[in-house]
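Letters A, B, C and D mark the chains as written, and numbering starts fresh at 1 in each.
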């Protein structure tokens, strides 16, 4: 498998809060993905600064009338081989900055590809309740979330501000998750290239 | 019960999308609530135009530094007796404009009060998947959602643009839901007035 | 409030597995509830030994043809003031022994009363994913789950086999949960006694 | 693709209730799967008559001490290429007969394969709330549920007792779902045969 073209992974960070912990989680995952040979495209809700969704990309009949940033993002989402979602948890639910970002794009851009959920919290449950809601959302948009969910409790202690791991669980957790993502991403990419996708 | 002070209900509409169906649902519920003697405070995410949440109201140590609009909204949320949530469904999940609005306020403002979920969709499932996620969110912020969920499939046919019902199910559905909300709102208000709330 | 009649609480334990951890959680909660003045009725799925549900109690048109055990249980459920659910987590979901037990009874028996969720696991997430599913089930049958969810990670270390707490979090966790349950149970019982229930 | 070996699909029916509607749904799906060239293995919770789970198959250290029926079922689950879940909805949740059946087997038997959800109800929401819980369970055991969920409202009218469709939506609904299942099942089988599975 040596000469395999790298997997293109879009890494979503869905929080715009002051002092957000998610950035250190995203940095850690970005580092891990680069280190393990992925082609990483980092989409940070804060940097993108998209407003609450008034009109998704696929609702513009004439795509030339859509905001250029959105068209560009849509193209990058569409050409990815898989997705990593870095999600906090607000009130046991998906952070609105994350669902808002994902809702901009049509399900067809995500379909027949896998996704991986990394959830975190400052507390002990690691954002697992939001992760389960996110699994429902990801299923609906077509990028099936792999079995493992990488939960990071006490994210402020597990990672420093640059995303450097502060304990041994971080590397092994990322490895377990990304191994599953890679397997499914290769399986699906091979099959897309071999037979296309339905319809 | 004739002289009972009216229940103060905050009615949340959580969508800012172009051509949103939710407005007709909210108008219908507003009319129903007014007609049945409630004191209704309508909070429309589109009119409020709050950005994606950077800092919730309760994270300002000095409340005088918080945006005046937010302080005013917080006061209105806090003094309500109950809540009605009008929720669409985006990708089987809570519309981000709704979770974003609710996340601005502390759980303590919602606690020991009931809430009621009205969900809708243009399709046949009436937004029920988002409603279930919303039940989790409402539980966490403290306003327990009553048993009944009022689902409105094909909302574009069930209500006209002014929120006038186009079939018999609308009135009976609203009645079932609001009867449960009222019962719990009175039970909890009486108990708050009688013994206060814990801690 | 000195002379208030004790709250009658049905405590459900929904597991029949060999070496189940749930029994120590249920014993702990039973002790806590008794100690704090509740009238506790413990329903243990293992002791009851009900089979997978073929016919719920309310589907017998002639109740005299229903199994006497079921009729008796139904009466006890119906006359309770509130419920405590002790739930493990199987595959991120509600243990079937718990949903199976609850499904035997009509929603009308649970309605207009509160419930409290105690979840546990041998691992670090304390059964929180099952708890969220359970919140949906409890909402539907009418006994609204209070805001707090008492999650017990590493239940095998937190409690001994007799349900004795092995750390300080157990008592404070139970207190937070049951304080909320009591408040809602009193609010709803007072209101039931004052105005009855709808319809 | 003419000479491709048929996909082996285990079709689970998870209800043992009197007058269960699920049997007609399962018959319909069985017919559809056979007609479209699948090798179908139908596992009906009622016929299997397994009790509430005391000990899962993988908890027997010595598999020769496990009940022979369970060992046989486990082998059939393990060698499948994909799964179809026929699920009703009890109290907005997964029917216990379904979760109970699935919980008997280790996640490793389901892993790196896809699953498809068919949900139904006598009412208008088609069991969609249970389906979403089931998506969480299926994710955890490793058989990722495909994006489409085939919901059948008013199942008593949509299918006769032999599973014959009574409207045009049934065939098109089954086709949409199974097309997605097949695509993923082939993608994953090819990849399993090519590189094995992780670890």
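Definition applied: contacts are C-beta pairs under 8 Å (C-beta built on N, C-alpha and C of every residue); 3 or more make two chains touch, one makes a residue touch a chain.
The structure displayed is predicted, hence computed values, not measured ones.
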Pair exhibiting more inter-chain C-beta contacts, B-D or A-D: A-D
Chain separated most widely from chain A, comparing mean CA positions: C
Averaged-CA centre spacing for the pair chain D and chain A, given as whole angstrom: 28
Centroid spacing, where centroids are CA-atom means, of chain C and chain D in whole angstrom: 30
Interchain centroid distance [CA atoms averaged], chain B/chain D, Å: 37
Residues within chain B bordering two or more other chains: 92, 107, 129, 132, 136, 139-141
Residue ranges of chain C in contact with chain D within the complex: 16-18, 45, 51-55, 59, 90-97, 99-100, 102-103, 107, 129, 133, 136-137, 139-141
Residue ranges of chain B in contact with chain C within the complex: 1, 107, 111-112, 114, 132, 135-136, 139-142, 144-147, 179-180, 183-184, 186-188, 190-191, 194-195, 197-199
For the chain D and chain B complex, residues of the former touching the latter: 92, 124-126, 128-129, 132, 151, 153
